[in-house]
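Order of writing sets the labels: A, B, C and D. Residues in every chain begin at 1.
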Amino acid sequence: MTNQEREAWQKMGLTLAEYRKIKELLGREPNYLETGMFAVMWSEHCSYKHSKTTLRLFPTSGPRVIQGPGENAGVVDIGDGQAVVFKIESHNHPSAIEPFQGAATGVGGIVRDVFAMGARPVALLNSLRFGNLKDRRVKYLMGGVVSGISFYGNCLGIPTVGGEVFFDESYGGNPLVNAMCVGIIKKDQVAKGVAAGVGNTVMVVGARTGRDGIHGATFASEELGEQSEDRRPAVQVGDPFMEKLLLEACLELIDQGLIVGMQDLGAAGLTSSSCEMASRAGTGIELDVSLVPRREEGMTAYEVMLSESQERMLLVPKPGSEQQVRDVLRKWNLEAAVIGKVTGDGLMRILDNGQVMAEVPAKALTDHAPVYHPVMEEPSYVSEALAFDVASVPVPEDLNQSLLQLLASPTIASKEWVYRQYDYKVQVNTVVVPGSDAAVLRLKGTSKGLAVTTDCNGRYCYLDPYTGGAIAVAEAARNLVCSGAEPLAVTDCLNFGNPEKPGIFWQFRRAVEGMSEACRVLSTPVVSGNVSFYNETNGEPVFPTPVVGMVGLLPEISKRCTMDFKQAGDVVVLLGETKEEIGGSEFLYALYGITAGKPPQLDLEREKAVQSCCLEAIWQGLIKSAHDLSDGGLAIALAECAVAGGVGAEINVETGLADHMFLFSESQSRIILSLDSASFKPLAELAARHQVPCQVIGVVGGERLVIKAQNREAKVLIDLSLKEMEDKWRGAIPCLMA
Amino acid sequence: MKFGVVVFPGSNCDADVKHVIGEVMGQPVDFIWHQSTSLQGYDCIVLPGGFSYGDYLRTGAIARFSPVMQAVEGFAKRGGLVLGICNGFQILLEAGLLPGAMQPNHVLQFRCMETYLKVENNQTPFTNACAPGQVIKVPIAHGAGNYYADPATLAALEDGQQIVFRYCDRDGEVTPAANPNGSLGNIAGIINREGNVLGMMPHPERCAEEILGGIDGRLIFSSILKAWSGCGGCACGKSCGCREERSVKS
Amino acid sequence: MYLAKVFITLKPGVLDPQGSAVEKALQALDFAGVQEVRIGKYMEVRLAASDRRQAEADVQEMCRRLLANPVIENYRFELVEVSA
Amino acid sequence: MYLAKVFITLKPGVLDPQGSAVEKALQALDFAGVQEVRIGKYMEVRLAASDRRQAEADVQEMCRRLLANPVIENYRFELVEVSA
């Protein structure tokens, strides 16, 4: 091996063992382009080499699942001949470098995954993590990310209806930007990313190919001097207008039945889309890079194959329909080029003006990628953090002040600053707009609705990844249930540090185990997802953050429920029970800067019972408002119900817990309901049947939130006006971002 | 009454408008592709919201050169009713069918929110179902709704009662705090002098059904129907309150 | 081949919210000397034309019809000959 | 008092969707000679500074820290002295 060759594969990120394996698979040395193709396909991002075996733990099937993991997006049956298609994906690293374009192209990528399945995208969500908003750079990142999402999603005309934003120093240098897209499709029109039918043509459509995003850190070679590095922007710029045209054109192609297979060009561009399509179909593809429309002159085969230019799709049209495909694309002012054909030899054969530049088995790039079983070990911080004695935390003297402080904590504060920049009403389906537990969309032409949410508490996962992972699933499901939806299925985005570190891999494995168990018990299989590793700054990892995106179905949208208190005189009921669980809470973090203690525990059977009880009660029409308890516990949830409804409440409870425990404990499996007092009896019966604690804790009314507790003596813990609470809660983020 | 909803590349409220006119108002309605050159047979043309041509350069700047816009101009000249919503309003400005120009919101951010509008002129074919000074709740969603016109143009708009909607608070007070985008004089919608071309930034099609939280937007569509039926198939006409001297549809 | 460098600026008197925001941001970054910022567009248009006169006429027309909005913007341009 | 004329342009190779859209629009308007359009920003910054050197250093710093996005944009500027 010459030094120069070693340089190439090493700089492309392959290990010696991997390079040897390539030689073995090919029975010869790979050439330069082939090495590049292996390097991107065997990268963590494309091959899932460190996560594959762990991901097998997820339950992925169920009576409604039409398509589980392995395609561009998951597909779930929602009846009446319709299916819902969804997936979540990360764009963390690009967003850390260029927040606006990074986030924008993240939206573009996930939307393409959904319409590649033939589905019309009907909703977007985004799950975001940033550091401390007092930091200039963090502010810049958040501003850029939000406006990038707004720019791209709004232009496409897909409502951005939900998501979450969580703040912690661990995300300071490495924000998390996860975008989720939900689409609707006729069940019998699901498209697949397959290059089937030997002899069929292969077309690339949409944007021209430029030197965007060719792995910046790859290498210099004879063909690529310093000058070309210059010409090679690592940051991709998104063109949402082009994407909108592409979306409409692709859906029209599917509608007209012109397509055998379709796949977006995402990470690793033409290389990954072509070999994945061939590999899924058990075929090969021969393509000539000289036929690919270019944006720039003098591009090499390597550059064309690895370019990550956005807004492109790869199509295999039905034989003889090439002209019709061209016509549809022309209607939308888009280019389409035949670049090759499907072959029966299972090989990826890349030509440049007829000359063979690369020839490798498609499956060598995909199925034969290495699989690693990383070492795992519980990190030393865990036992120390879990041993933290929460009793050592002083009880705040002024609980009103504590509540106001929590309301102003960015993780809890209103996210209106974010979502008022998103068009969440386009398509006229958004029945419950951002701000409630889950967004609800109507399905036009039916009486049904969809509820969507994303959730994850990275702090819990840091302290106890198994429980944290399970809670992420449980909380997402609880959010859907509170809106009146039956949870259907999950898409997940697993954001972790470097998996080659045993401590990180332990976090990863434990989190997936916890999520899997929760998915099993709650009957919400995983149908799609994404893994993002190496989220670290100077060796410091982000909190383990397995984001759960979940979709639920409302059989009768008229029975939907929201979190806001509706009417004075209604009784306030707590489902579930409050325990001494303040470890890992927002209370400890926001008031004392403490990230320690045992996070709340999760009894999945209890969780399931609480959810079933709540959902039945909603469907029976007993409930006027429902809100799940999460960050900040009971007091925060009550404040949110009151502020949202513009009406106060008086709460009066007997409890054996310390005041701050009672108010701010984050015990799981709890929901606050409000209902007409006449409905309480049937609710109590339901709860008894489900063996769920169900207790009247107060009455809706007035313009204040008053919380009284009776333990040894009767005392008023909280007495605040709605206005005071609302000002803090609404004003916090705008003030920090100003 | 037959409606046409123009589809430009990048329009994204076209289907919403069609849904409301067809399903909610129960009227015949077609999409009209931006390449069309004839609007024969239509009684009202809607330019919907969205990001025509990506709104690159300036909002509406490229769309106004679409072949259909010549037809829209002719249609308007003959007295046909033209309603531009959001991006449609921006296109009408760029095309010179309405005076003034749109700039980015003064907050320099997109704004999606509910707004209250004061109906300043209910004597138009688009507002005749509203009471004088009525306050209606209609959502906005735009990044460039900051209306500008030079002082002379503005004075002429005021004089001609061409300012149809202004942003106001819940009680109908037109205040700076109620202005979501920096628009001159809180202007949310204007009409041409002839009274048959209306541009508005808020989206009436997004609040025409109870399930979406409000039905004030229906007033705009029912006004159009009233205007049309009130004068026997002619879009001008005395009964709808628009100007008498207006040229009659040929 | 010609390269037209086109400058689009807001007319005097038309408010420039973006310019004001940048102005404030610069002042906040301790550029105390900053008095005013106005933001316009700068475009580079490469075009083939039979001669300079034709190129000039073309660019003039482009500005008038599309590149600038006469209600709020002014334009000017410079033309240089470049190799194709 | 100085007036800085600042030009912000996209780095070569960086996609310019806006420029391409305008390019196509111009071609459709029968400006057949148009080959390429790239769109950037043009800013005029008025600033007080003790002398030219200082003004230049200030503007340089403004571009670096705020006016341009170094990941995708280049900048250059011209400085002229103007009366206050």
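Observations, loosely collected:
Note that in this section contacts are C-beta pairs under 8 Å (C-beta built on N, C-alpha and C of every residue); 3 or more make two chains touch, one makes a residue touch a chain.
Quantities reported herein were computed from a predicted structural model and do not represent experimental measurements.
Two chain pairs are in question, A-B and B-D; the one with more C-beta pairs in contact is A-B. Averaging C-alpha coordinates per chain places the centre of chain A 37 Å away from that of chain D. Spacing of chain C relative to chain D, judged by their CA centroids, is 9 angstrom.
Residue positions of chain D touching 2 or more other chains: 17, 21-22, 25, 29, 39.
Shared interface positions of chain B, i.e. residues touching 2 or more other chains, are given as 53-54, 56-57, 62, 65. Residues of chain A in contact with two or more other chains: 239, 241-242, 333. Which chains touch which is summed up as A-B, A-D, B-C, B-D, C-D. Within the complex formed with chain C, the residues of chain B that make contact are 57-58, 61-62, 65, 93-94, 99-101, 103-108, 146, 148-150, 182. The part of chain B that touches chain A in the complex is made up of residues 9-10, 12-13, 15-16, 19-20, 49-51, 53-56, 109-113, 139, 141, 143, 203, 205-206, 209, 211-213.
Residues of chain A touching chain D in their complex: 97-98, 101, 207, 210-212, 230-233, 235-239, 241-242, 295-296, 309-310, 333.
Residues 11-17, 20-21, 24, 69, 71-72 of chain D are the ones touching chain A in the complex. Looking at the complex, you find that chain C touches chain D at residues 1, 7-9, 19, 22, 25-26, 29, 31, 33-49, 55, 58, 61-62, 65-67.
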